[in-house]
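Here come two complexes built around chain A, the first alongside chain B, the second alongside chain C.
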Partner chain A sequence: MNNIICACGHENPEGTVLCGNCGRPLTEEAENSKLVDMRYEGSARRSQTYNKTIIDKIWNFFSSVKVGITIILMIIVAAAIGTILPQVLYVPATTEADIAAYYERVYGTFGKIYNDLGLSDLFGSWWFQTLIGMLGISLVIASLDRVIPLYKSLKKQRIKRHESFMKRQRIFATGEDILGEDSFNISERKLKELRYKVKREDGALLAEKGRFSRWGPYVNHIGLIIFLFGVMLRALPGFYVDETMWIREGETRAIPEAPGYYLESKEFILETYENNQSNEVFSEAIDRVGTIVSNYQTNVVLFKNQENALPGQIDNLQQVKESSIQVNKPLKFDGYSVFQMDFRLNELKTMHFNLSNKSTGETLGALAIDLVNPEPLYDLGNGSSVELKGYYPDFSGFENGEPQTKSPVPNNPAFLVKMYTPNTPEGETSFVAIKQTVEPLGVNAYKLEFQNVETRDVSGLTIRKDESLWVLAIGGLIFMIGVAQGSYWNHRRIWLHKTNDGRLIVAAHTNKNWFGVKKELDIVTEVAHLPQYIDQHDLESEEFKKDGEKSS
Partner chain B sequence: MAQTKRNRFFMRTFILIVLVFAIVYTIFTNATKDKIEVLGIGDQAPDFTLVDLNGEQHRLSDYQGQGVFINFWGTWCKPCAKEMPAMNRQYEVYKEQGVQILAVNIAQSDFEVNRFAKQYGLDFPIVIDKTKSVMEAYNIDPLPTTLLINQEGKIEQIVRGGMTEKDISQFMEQIRPK
Partner chain C sequence: MTLVSISGNLLFIAFICYLIATFFFGGAVRGSKTETSKFEKKWGRIGIVITVAGFISNLAYFITRWIAAGHAPVSNLFEFTTAFGMMLVGSFILIYFIYKTPLIGLFALPMAIIIIAYASMFPREITPLIPALKSYWLTIHVITAALGESILAISAVAGLIYLLKNVDLTKKSKQRFWLEIVMYTLVLTVGFVASTTTYKVMDYEATFSYVDKEQKAKEITYNAPAIFGMNEYKVLSSDKMIPLVETPAIVNAKKLTTVTWSLIFGTIIYGLLRLILRKSLSAFLQPFTRKANLQLMDEIGYRAVSIGFPVFTLGALIFAMIWAQEAWSRFWGWDPKEVWALITWLFYAAFLHLRLSRGWHGEKSAWLAVIGFIIIMFNLIAVNLIIAGLHSYA
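Right after this comes the complex of A and B.
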């Protein structure tokens, strides 16, 4: 390894720009420039120092800011492309094959490629996750590679720097020492008043404040890494649950992803604002819009199965609590939250019929068919009864003379019944559907006359559990602390030297807000009669402007 | 100097391995999560107990030592209705050889399930998962889904969608106790 030995005798690792000891420029470039690049204090980034093994090569790849920015840009572009077509979550298909077919059918070849590339489920696609992971690696390595040398060089920085280092600082002054020995003492007192930490060595003074501002970006990166770690936790079983369930009034259902817990829906409530009840200022809006919902609510009972009870074993459920779930007021238990998300009103529950004589209209009795739990036989008394031969909750037509149902939900219930009366003891067969009666075995004397229907509501609930939330919150907080640390504080340093021939040299540096450090240096300059500084950056940019004019 | 260099090499290797492991693990769990959560081939089949149409309890672990053919179905599901008679025929062949069928209906009424069983003349036990808790435990979607459980109670195979009679007989052969 080629170490660079500075004129002062200090040995610097390869890639060092400014000597770690005295600050002399070590590269030709630094020597030729009027101002030094103070990034990382001119220390060698670690990645520049070793480049031998494959591990070093991988390390150096991720250490590069260019690589980091490229990864970020790739993520941005991928995320942007991911918004062109709807994500799988919003597509009316569940199985992989259906989804693929949907994209191809609706969006053509583009849709097929889009889905094949995983753009349709961007956050779930392995390559997107790989990109995010690479960003994480880049954050860790790039930070380590910079923060360690920076920390070291700031920690062991010398009070006395070489003149060439001072001369190349943006704010620089040289001139007569008017007050002699006092110029250092007065400067020190004033700088301390300005809350600088002042260190002195013979003929040299270093005033420094706000060094911790330099750690801002790295604190920020730590926050990001913790955030990414929190996102990673979500992939672990038990850390993150986001499920939906539909539950009808009166039903008891196992809660998805919450083993051993059951929920019974007592009632779904939908309330609207009444014009006369609510505040007068809203009455105009109510008149204009019509009904405005004031409350969506599901009243539930939470049950827990005994320890060691098996799925399906529901004869010994223990009631945990009764609760009413409203929007933004979830049912909470054991780290889970159950939210009111959706509803369907008026699903058929019970249908009421009269058995009546078609010609006379005489009624022989009434029956109620519970669509959730129909019975095989309904005895109406007086020798009349109705036998249920078939039940088709979502009747969709006949196939080979057989009635079909397309779902288990009673959207369009139909029944195949046999009606017995004292006059027709052999029974009459009838197929009864909504607005449709078929008498397959000849004309009947009796019919089931539809009376009315009872309905019930369905609640759409979301079950959430997020154990990673606090990790995300801590990550976000640290991120913001880093931002504030780097933004609202500045790392300012002022150097003061007395040269061998009795002149004073002043130099100042800050990582941002040059106006601030100049203002403070103005104060010190005035009381200690220091030579007036110049901002070499202004000079340089002026020169640059002139050059530009010449060349144009 | 050589010492620090070696230390640095090990440090870098260690950090890279930790980071890469974390990422690979995350991607892997994310990729397999959507399929069947928690459950995979070779896993112990979660025990459950349900009541059949005759009021008898069927507990999965009671069939330890036999192959169990668990079929999740609904009366309204066409492919279910199609494979049921074939399952029944194969059941007649394999029940003497230690293969049991448990047909788990998803939360339908007794009437519908009874009617269906009678209509197709099904002899194997049909249980109804009234609260969908077994369906949740097995993360079943879509219907029909069939799980083949071997004599050790481990999941041998998960079949999503309908099966032909040939499939069914092969599957039963596969879980027949040896």
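Right after this comes the complex of A and C.
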């Protein structure tokens, strides 16, 4: 490693632009430019100093802001593509074949290509996650590469800088010293009033404020890294629960992935806005749109198992609390949250039948079949009974003479029954479905006569537990602190020198908001009769403009 | 008079004030070179007074509507877009008191005017909140996000002024071409307002039956002559224009028709403007920016991004995630609106890195600011209207 030795005798690592001690430009480029590049105080970063081993090469790759921005742009383009069609998550299909069929049916050839390329699950794809991971690595390395040398050079900055450093600052003034020794004292007093920290050394003054804003970018990067770490944590078992459950009114069910907890649904409520007096301001909207829902709610009771209960034993539950789950108001307990997500109205609950004589119409008794837990035998008294030989909750037709059910949900219940009466002790077989009766073994004397049906609503709930939330919250908070620190404060420095021949030199620098630092320097210039500064950047751009005009 | 109609009138007053103030700001920057300061100060001061008066009326609209509805008026496309326009004016006032530049007003106010006019094309009645929106996070998340976006929009205004002054319009160049495209796009928004208003005044309604992508029979009412027909449409109203083209089921032909009418009206307006002005819109506006201080415009552009970026992050990402966790059980779900908020955020992050680390100042930075505004507008307009998702409340 070749160190650069400055004229002042200070040794600087390779890649340094401005001497860490006196500020003299060390490279030819810096020497030839009118203004110095003050980024990272002209100090050398690791990526500029080392480039030998493979680790150096990887480090240098990720430390480049250009690489970081390229990754960001790639993520932007990918994310935009991911919004062209709905992602699989929002598509009403679950199996891979169904999903493929859905995209092709609804979105045609484009949909098929989109799905075949894996763009329908873009955000879950390995390559998108890799991009995010690379951005994370870039955040860590690029920050470390810069923050360490920046910290070192700001910490050991000298009050007295070399004249060549001063005159290459964007805001610069030189001129005669009108007030003599007083120009330093008055400046110091005024700068302190403006909340600068002032340091003096013979013939030199450095006023500085808001240095902590320089750490803003690094603080917010730490926040982002913590956030990304929190997202990764969710992959660990036990950190993250995401389950759904359907619960019927009156049912008590174990909450999935929440051992020992049970939920009873008392009632599901769906309310809409009534077009009445109290809602007068909404009447126009209700007229235009039709029905507008105001509330989805499930009233529940949360139970917990006794300490010593066996798993699945539910006869001795302890009530924890009663609660109503609404959208935006989940039920919370023990780190879990239960959300109101979905519902089904009027699911069949119980069907009522009469056993009656087909020819006389005489009724032998009534029975009620619970469609979730039907009983095998219904005894109607006086020698009559109905035996349930088969139950098909979601009857979909016959296959090879066998009745079929497409799901366990009682959408279209059908029963195969054997009816016994004092007149028919051998029993008669009948197949009973909604609006359909089949007598497979010959004509019967008796039938099950449908009376009525009871219904109830079903609530779709989502159960979540996310132990990584607090990590994400801390990451977000640190990010906000850092970004505010870097954006709403700025690091301003003003240098004042007296040269050997008695002139005054003034220079100022800020990392942002030049307008602000100029206003403050105006105040100091006026009271301390400092030479009037010029903004060399303005001059540069004006000269550029003139050149442009000439050439056109 | 009900509170709702008072509220509507207050918005109208604000709209008129912004219109008048624009002319004063125009006068302020047009003054002859020698007597600049006095002239500019006088007209600029009148301009800002009218702007502030309009802004107060605008705030009064917001508050009265809030009281009437019982929730913050940011729950549908009209309300949100209007709030965005109002905050744009608020951000301009803030920037004016820091930098005292009437020139920003000359461009920011017409932008706010177009945005509020655009908003008024959507259903304006007060809608009750659906269950998903019933949360105090609606107020916090939406207002903060809109505020952040409006501050970021100021950087685009400064960027546009920078470009108008800096791009050489006498020579053919890529910059000249794209600058005029930006102008044309702004006129298209006016085209949307003009076409919608025209057919609204005519009370145009045509009903069609059609078959949607799930093979269900449905009905739809167009408020403009149907250029494109829905999938397997049948005309139900008599004496109405018969669609020229039938579209497949995945295309919403009604929206496509609206977009096409906006294009037609916008292009006609643009053509007329070219005929009257006898030069490109950029060339017409360039003289107004003659006295612009490029250095200052660059600084304002950057300052607006550095003020707006943290606000945007807080409102559009952090508060959004907290609410999504409460309402939808997950803080992030790759919903299109969420994705585009992330894209906006990443874009401005790239902007800041390009500026701070790669030294992209001046013209490059100005272009980026304009592109950033286009992304924000895309998220507001296109994502709501074209890409369906959880945020399609309007």
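Here is the rule we go by: the second predicted complex is superposed on the first by the 460 of 552 C-alpha atoms of A that agree within 3 Å, B and C clash if a C-alpha of one lies under 4 Å from a C-alpha of the other, contacts with A are read in each partner's own complex, and residues count from 1 in each chain.
Simple rule for what comes next: a residue touches a chain if its C-beta (ideal position, glycine included) is under 8 Å from a C-beta of that chain, and two chains touch if they have at least 3 such contacts.
These numbers come from a predicted model, not from an experiment.
Visitor: Going by the contact rule set out at the top, does A:N308 touch chain B (first), chain C (second), both, or neither?
Guide: A:N308: touches no partner chain.
Visitor: Mind working out whether A:T109 is in touch with chain B, chain C, both or neither, as first, second, both or neither?
Guide: Neither partner.
Visitor: What is the contact status of A:D56 with respect to chain B (first) and chain C (second): first, second, both, or neither?
Guide: Once the two structures are laid over each other on A, A:D56 reaches chain B alone.
Visitor: Go through the superposed model and pick first if A:D535 touches only chain B, second if only chain C, both, or neither.
Guide: Second partner only.
Visitor: On the A-aligned overlay, A:T360 touches which partner chain: chain B = first, chain C = second, or both, or neither?
Guide: neither
Visitor: Thinking of the overlay built on chain A, is A:N32 touched by chain B (first), by chain C (second), by both, or by neither?
Guide: Neither: A:N32 stays clear of chain B and chain C.
Visitor: Looking at chain A, does chain B or chain C touch a larger number of its residues?
Guide: Comparing touch counts on chain A for chain B and chain C gives C.
Visitor: Identify the overlap between the chain B-contacting and the chain C-contacting residues of chain A.
Guide: none
Visitor: Can you tell me which positions in chain A touch chain B when the two form their complex?
Guide: 1, 50, 53, 55-56, 58-59, 94-95, 124, 126, 129-130, 133-134, 136-137, 140-141, 144, 229, 232, 235-237, 252-257, 259, 262, 310-314, 372-376, 388-391, 393-394, 405-408
Visitor: Please give the residue numbers of chain C that touch chain A in the complex, ascending.
Guide: Contacts found on chain C: 4, 68-70, 98-99, 123, 125-132, 134-135, 137, 168, 170-171, 213-214, 248-250, 294-296, 299, 302-303, 306-307, 309-310, 313-314, 318, 321, 325-331, 333-336, 339-340, 342-343, 346-347, 349-350, 353-354, 356-359, 362, 383, 387-389.
Visitor: Touching chain C in the complex: which residues of chain A?
Guide: 37, 39, 65-66, 68-69, 72-73, 75-76, 79-80, 82-84, 86-87, 89-90, 106-108, 111, 123, 217, 242, 273, 279, 281-282, 284-286, 288-289, 292-296, 326-328, 330, 337, 339, 341, 462, 464, 466, 469, 472, 476, 479-480, 483-484, 487-488, 512-515, 535, 537-538, 541, 548, 552
Visitor: Contact residues on chain B for chain A in the complex?
Guide: Per the stated touch rule, the residues are 1, 5, 8-9, 12-13, 15-16, 19-20, 22-23, 25-27, 29-31, 33-34, 37-38, 46-50, 59, 74-76, 106-112, 114-115, 127, 129-137, 141-142, 160.
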